[in-house]
Every structure is written in C-alpha cells, then in structure tokens.
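These notes concern the structure reproduced below.
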Amino acid sequence: MASKPFAIIAGVGPGTGASIARRFAKAYSVVVLARNPDNFQPVVDEINSAGGQATGISTDLSDSAGVKSAFEKIAQQYLGSALAAAVFNSGGGFVRKPFLELTEQEFSSGFESQGKGAFNFAQGVLPLLLQAKGLEHPPTLIFTGATASLKGSANFSSFASGKFALRALAQSLAREFGPKGVHVSHVIIDGVIDIPRTKQWQFEHEDAKLDPEAIAESYWHLHAQPRTTFGFELDLRPYVERW
Amino acid sequence: MASKPFAIIAGVGPGTGASIARRFAKAYSVVVLARNPDNFQPVVDEINSAGGQATGISTDLSDSAGVKSAFEKIAQQYLGSALAAAVFNSGGGFVRKPFLELTEQEFSSGFESQGKGAFNFAQGVLPLLLQAKGLEHPPTLIFTGATASLKGSANFSSFASGKFALRALAQSLAREFGPKGVHVSHVIIDGVIDIPRTKQWQFEHEDAKLDPEAIAESYWHLHAQPRTTFGFELDLRPYVERW
Amino acid sequence: MASKPFAIIAGVGPGTGASIARRFAKAYSVVVLARNPDNFQPVVDEINSAGGQATGISTDLSDSAGVKSAFEKIAQQYLGSALAAAVFNSGGGFVRKPFLELTEQEFSSGFESQGKGAFNFAQGVLPLLLQAKGLEHPPTLIFTGATASLKGSANFSSFASGKFALRALAQSLAREFGPKGVHVSHVIIDGVIDIPRTKQWQFEHEDAKLDPEAIAESYWHLHAQPRTTFGFELDLRPYVERW
Amino acid sequence: MASKPFAIIAGVGPGTGASIARRFAKAYSVVVLARNPDNFQPVVDEINSAGGQATGISTDLSDSAGVKSAFEKIAQQYLGSALAAAVFNSGGGFVRKPFLELTEQEFSSGFESQGKGAFNFAQGVLPLLLQAKGLEHPPTLIFTGATASLKGSANFSSFASGKFALRALAQSLAREFGPKGVHVSHVIIDGVIDIPRTKQWQFEHEDAKLDPEAIAESYWHLHAQPRTTFGFELDLRPYVERW
C-alpha cells in the first residue's frame, strides 16, 4: 500500500471516536477498531465516500490474541506506511452499582476494558510508532480519560479503578517513550458528550454537553505539537460544568 | 468464640503486615491472611505466645472462591464478635520491566493483586464492618498504597496501574461507606521499608528506611479517630527521602 | 527557665488552636500566639490552672517586626529549653466575595494571613527547631490547611490563594528541612469544625462537624512519629462530608 | 478605533510573551504590557511592521493604581472593540534561596508578582471579557503556570507560593466565570524555554527546551475552543524532561 501515514483509532462508535477518526482522516489513512462492526461501519463509509481512506477492524481489545491478529492485518495492509497517531478511546467497562452488589467480574470489567484493553492496544501500536519515519508531527499515542480518572466516587469503583489504571499506564508510557520521541497524552473528558445516545438528555443551560468535534480538534492539536513542547494532560468540560 | 472484637490483616509477611498485626493484637484478636503460611506463622506464634490471640489463614486474595471460603471460616470462628478493623496490605503485583517486554499477564498482575485482591477483601470485610456493634472506635478499613499510587513511572506500568486502581477503590469506598460509619483510609508508603528483605540495602544516611512499627502506629491512629474526624489519606516517608 | 521542652501554637482562639494547645500542654510548656489576647487568655488560664505551663503573646503574624519582638520574648523566656513543636493554625484571611467586588487588599488578605503570616512564623520557629536537642520526638512544624488548599472555588479566590500559598510553603519547607531532621506537616481540615462560633449551625446528620480535640490528637500523632516515618499530609473530615 | 477585536498580553519580554503576542496578532490587535518598554518594544515594532497592530504599555502589574491607569488608556484606545483574549504571562517573583536567608520582601515577591499581579490583571480584563460581543471564539483568559505551580521544592518557597496562589486564582475564576461564558485556563510550563536568556544553556539532548512558538500555538488552541469544550489545564514539557 501507499506511503501515506496512517492513524489507528480504538473505540469507535457514533460518538467521540467517529469524530476523532474524521479529524485524523483529513491527514492520514485511518484504521478504526471496535468490537462491533455496526459501530464503526458508518464512519468508515463516510470517510471513504468523502475521498478519505478508512478501514474498520472488529476487535475486542481486552483479548490479546484478537488484538494480535488485528495488528497482523494492519501490518500487512500498511506495510511501508508510518503510523503517525494512535488513539485509545474505549468507553467500555462502565458499571455503576453499590459496591456490595458488584460481582468480581463486574468490578474487573473496568480494568479489563480500560487497563488491559489499553495495554493490548499500546503493545500493538508502540513498536509501529517507534519505527515511524518521515512524519510531519511526532508519532502520538493519546488515551481518553474521564472524571473518574481523578476521583473515585460512591458506586463507581469499577469504572474509576479502570480509569485510574489507564492514567497510570499513560503516565508510565509518557515517561518511558517520551524520551524516545513518542508523544503520549491523556485527555480527561469531564462531562456529558453530545452524541446520539445522550441526545435527549436535558440540561438547564444550552451547550451544556461536550462537542465531539471539538474534542477531536484538541486531540489533533496535541498530535501536532513538536517534541520540544509535548502536552501530557488536558481536561475538557462544558463551560457550565460543576467541578 | 468470645465477644472480643477482632481485626483482619491481609498481606502479612515478616514486614509491615506483621507489625500491623502486632499493633492491633494489643487490642483485638487478629486474623492474618497471606498466600504462604510460612509468611504469617511466625507472627501468629509470637502474638499467641505473648498472650494475644492470632490466627492465620492461607488465602490467595485474587481468587474470589478462596477468599469466600476464608471468610466462611472467619465467620464461624468469630461468630458473635465484632470486626473492628481490616487492613489490606498486599505487596503483590510488583513487576518492573520495560513496557514492550511485559506480557499481558505480567501487566495484569498489578491489578490482580492490588485491584481484584482488594476488591475480594473489601467484599469480605465490609458486611462485617457495617454490622459491627459496641466498638470503642469506628470500624475501619485501611489500604496500603505506595509511591506508585500517585505516579506512573517508566517500567512501572503494571504496579502503578494496580496501585492507582487500589486508590480509586479506596476513594470510592470512603465516599460510599463513610456516611454509613465505616472509616476507609489509604496510606501512601513512599520509600523503602526496613524489613528483613531490605536489611542489607545501604543508604547514605542513617534511619533512611521506614520503620514498620511506626507505620503500624499510624494505622492504629487512623483507626482510633472518631467519626467526626476521619483521616482519608496520609503519606509516610523517611526524613531524607526525595519526593 | 527550666529545661522542659516547649511548643508554640499560633492562631489560638476558642477552637482548634485551643485544643492543640491543651494537647501539647500535656507534654510541653506552651506559648500561644494570637492577635487578640481575649482569644488566648481562657486557654492559657485553663492550662495553668490544671497544672500545665502556658503563656500567651499578642502578635499579628503578618507583621514581621511584631513577630520578631514576640520571638525575642520567647527566646528570653525559654532560654535553655528546646522547641519541640510549632503549629501554624491561623484562620485569618477568609474573604468570600464575587471576584469583581474584591479590593486588592481583600484579595491579598488571604496571602497576608496564610502566606506571609506563615512565613514570619516559620522564620521564627525554624532556627529553634533546628537547634533543639534531647527531645523525645523529632522537632515538628505543622501547618493547618483547608478544603481551599486543594481547590479554588467561585468567590474563594482570596482564601484559596492564601491556602495554596501556605501549602507551597509547607512542601518547600518539608523538602528543605526534613533532611535536617525537622518534621514539617500539612493537615487539610475539610469541613466545619465544632467550635463556639459554629455551635448553632445545623446539619442533617449528627457528628457532622470535626471535633477539635480529635484534630489535636492527629497533630500530636504526627509530632510523635520518628524520623524514619514522617507523615507529610493528612486530610481530615466528618464521616458524612461530601468530597 | 475600529471594531477589530483585541487581545492583551501581560508579561512580554523576548520570550514566550512575545511569541504569544505574535500568534494572537494574526487575528487581533494586541496590547502588550510589561514593566520595561525595552522588553516589549521589539515585538510591538515587529508586529506593526508586518502589517499587524500592536501597542505597548509600560505597567507594573503589582501596582493597582498603575494597572488602573493602563486599563483606562486601553479602554479609550479600544472603545468599541471587543476584548477577545487576555494572557497573564508574568515571569516575575522568581527567587531561589534557602528559606532562612529569605527576607519577608523576597518571600512575598512571588505573591506580589504572581498573585497580586494576576489579581490586578484579572480585575482589568474580566469586565471587558464579560461584555465582549461578536467574537468568533469565546472570550478567554489564560494564566501561565510553572513546575512550581504543582510542587513546592527546597529553596523555592517564594516562587512556589506565588505560582500556587496563581493556580488557586485561575481555578476560582474558571469556576466563577466559566458559566458566564469566559474561558479561563492555566498552562503549566514544565521545563526550560528556548529564549535569548537560555540560549547558551547546554543540554544532553537536542530539542530539550520548550519552543515559545509552540507554547503560543497551544494558547491559541485553548482560545479557539468552543464553550461546549473548554480546556482548563494543560501541562507542556520537552520530550526529554524528567517529571
């Protein structure tokens, strides 16, 4: 395949992941990963129809064998291309329950999705990011955090432990791979995102939901930073959000 | 068995766990949990010889079935006694490796030990702590954190993600169970502890290692706080530690 | 004067400061500082009547000349005694106003009280703490923080900037003087304290206010830690506090 | 004067401030403030020569009367124009000394510059930002932080207390004025910036200093965010920086 650089976006449904894929598709060929092809197919089709290049691969990121096979497909398809950016945007593992009603599996689902999923993704993309050459911007790996990345709340022990683990991973990777030229970032999304699933949620104020296109623009900004000036963490919230 | 309140200490080897067990045994009957009986037997014997009451149970906290069976034994043995305090002090899950050399299992071992282990322990002790009556001090659940609870460093992604997850769990439980009268705390041990394993480690200054007896004294202090004045987080380090 | 060690408590009214003075007076002769003698006289009398030793000195800590003269008096009176502990507990500088209604002087009052006041106090006590000999516990300097030490909120810019500055000072001193054997701590009081001024404040739950005696007990605990195991920061709140 | 929106940049020397002024001058007329006109005149001339609009005003931000008079000049000159963005980038108040060698004035210089200076600046710009109409991007107020915004270190108590106070102010203003539509941000510059003063500083790795143009680009990015998606805090550092 051609030498156009590519980006991999994991966790692509009709929300933020799709917006990120669209934004990065302006510059790169994009590969989008999600468990369910129904989730990524619309944005793949949209990008390809608009003259961009997009491929979807169905993968469960918490399954290391599946991830390995997905990355073998990617390696084959993008042989000779440089991986410019990778975004881990998985929203899985969200369980909200009183602690004593949680099963071990429910509790662990936060880590399965946010910790192990991010691990498998990072294992797949980092070797490619490290060997990427000839890029306009430093190779970049961005993780999507949440309010629960900074605060464990009642009934949120599963999701918070997953998001805390993800932030630990992001910090560890930034400190290990930053000096090797890979830009690792962690973005904290603090609020409700304006996506199809939240369309009918009512708020007192207008514009009270995060715009996924604006989130994607911030991810691109982080990617476009030179290695002299890497941003690690950025928190995003609507102007009326209480925090 | 008699109505003397009891305490459960998980993660008891020849170091901090033993000191905590000894300290709480001054006031309570203690149950100590560890995977390997060789680790807890000396302190159990020591406490019993000195006129205290101690029992050891061999358990792998990351195995929910094993934990359940351990707590059944405890319920039987301490029928009619109130659980006054529970301490999660597991040191497992420490892997230090460059990220790309980690297997999925090695990465997950941090969470298995620190996240899932703490989950299983908390599931076992919280129902007992909630129903404890007639205690001098509020029922207490303390988790042991580390430098890696606050900072993910190069080569520490496994342990840091486990310790971050543990801190998320502790915060979540403090916010859920504090208002129900259970005191949940998280202690950050920032430095090398003076235990048999670190005896020969040399430092430039004297007294440069944390004293496990002093750590235990701080755990007891947290336990002895009234519900008007619960401490959540305390960081402990030697006077010469750089931080 | 005799060789009994002494403690200096700054910011002593009928609340936390008085409780801290009472607690430290069990072991030491105490000097209490406050702007208004009416604030410290009752606890001074109480301690002296109960067989302890207490002196009050009227000082405005944000006035460096006044502080200097107070410390000259102290040096004279406690010649030959070791300063065992010093507590900065000033509650001044609390202004709550919409930002655009603040005068420069109101905004600065947070720093005047919490920053400059703590600076002057630390300048006075640190030389004495550094030269203290023959103490049972390491010489200790404790600063009282608040919710506003960690979070700047709407209408709290004055107090929060003062309390943030105080925490910066405490961290800086801990890192500079810890290795010299002085234990520097910062305690975050997160909630309403049960003092005469808040007696009539109503809460939904009982025991919803911090107990100043329990706060004082935690300050003493920090003081009693050996240098192997210094606690830097502890956050205290009522069991029902939302955080 | 014309209706072109304008920006005010405080703390403009030959480094970051100049780069920020240049960047915002691409879209706006800019007013630059600094104590010494020698510091801002080169960038004012450069912007005007290049077809932009720039004015410099000599002001000491820690002097409220001087700031008032500066803002009267600005109000007159920009009558009818909307203030689109304001940046507080003052580098003053940096003192590095052992604590016991600090005078009260040296200690306070951190707050004078970073706290009181930012207060006076915010008092001047917020009324203009609140009434700004017809802008492409939400009116924005950005504060420049540093490593010392998050960590008080030995010998840094003056600067750290000033930078902590500034962060408290920024958080307070974000929470008060965000819901009123003003975007308040705080950027943490963690490392050495590549400016004339640091030109000869040697580092082991190339590109080890932050690029002021890249910093300015991040400030612009924050300014360009819609109110649905306000970033509050971003930390920037060179890829090889240890943190």
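In order of appearance the chains are A, B, C and D, and numbering begins at 1 in each one.
Keep this in mind: a residue touches a chain if its C-beta (ideal position, glycine included) is under 8 Å from a C-beta of that chain, and two chains touch if they have at least 3 such contacts.
Since the model is a prediction, treat every value here as computed from it, not as a measurement.
Across B-C and A-B, it is A-B that has more C-beta pairs touching.
Remark: chain B and chain D have CA centroids separated by 46 Å (rounded to whole angstrom). Put simply, the C-alpha centre of chain B and that of chain C have 31 angstrom between them. Note on chain placement: the centre of chain A and the centre of chain B lie 34 Å apart, centres being C-alpha means. Looking at chain D, residues 175 sit in touch with two or more other chains.
In terms of which chains touch, the assembly is arranged as a closed ring, every chain touching its two neighbours and no others. Touching chain pairs in this entry, ordered by label, are A-B, A-D, B-C, C-D. Of all residues in chain D, only 138, 175, 178-179, 181, 183, 194, 205, 207-211, 214-215, 217-218, 221, 224-243 touch chain A in the complex they form. Taken together, the chain A residues at the contact with chain B in this complex read 64, 98-100, 102, 104, 107-108, 111, 115-116, 119-120, 122-123, 126-127, 148, 151-157, 160-173, 175-177.
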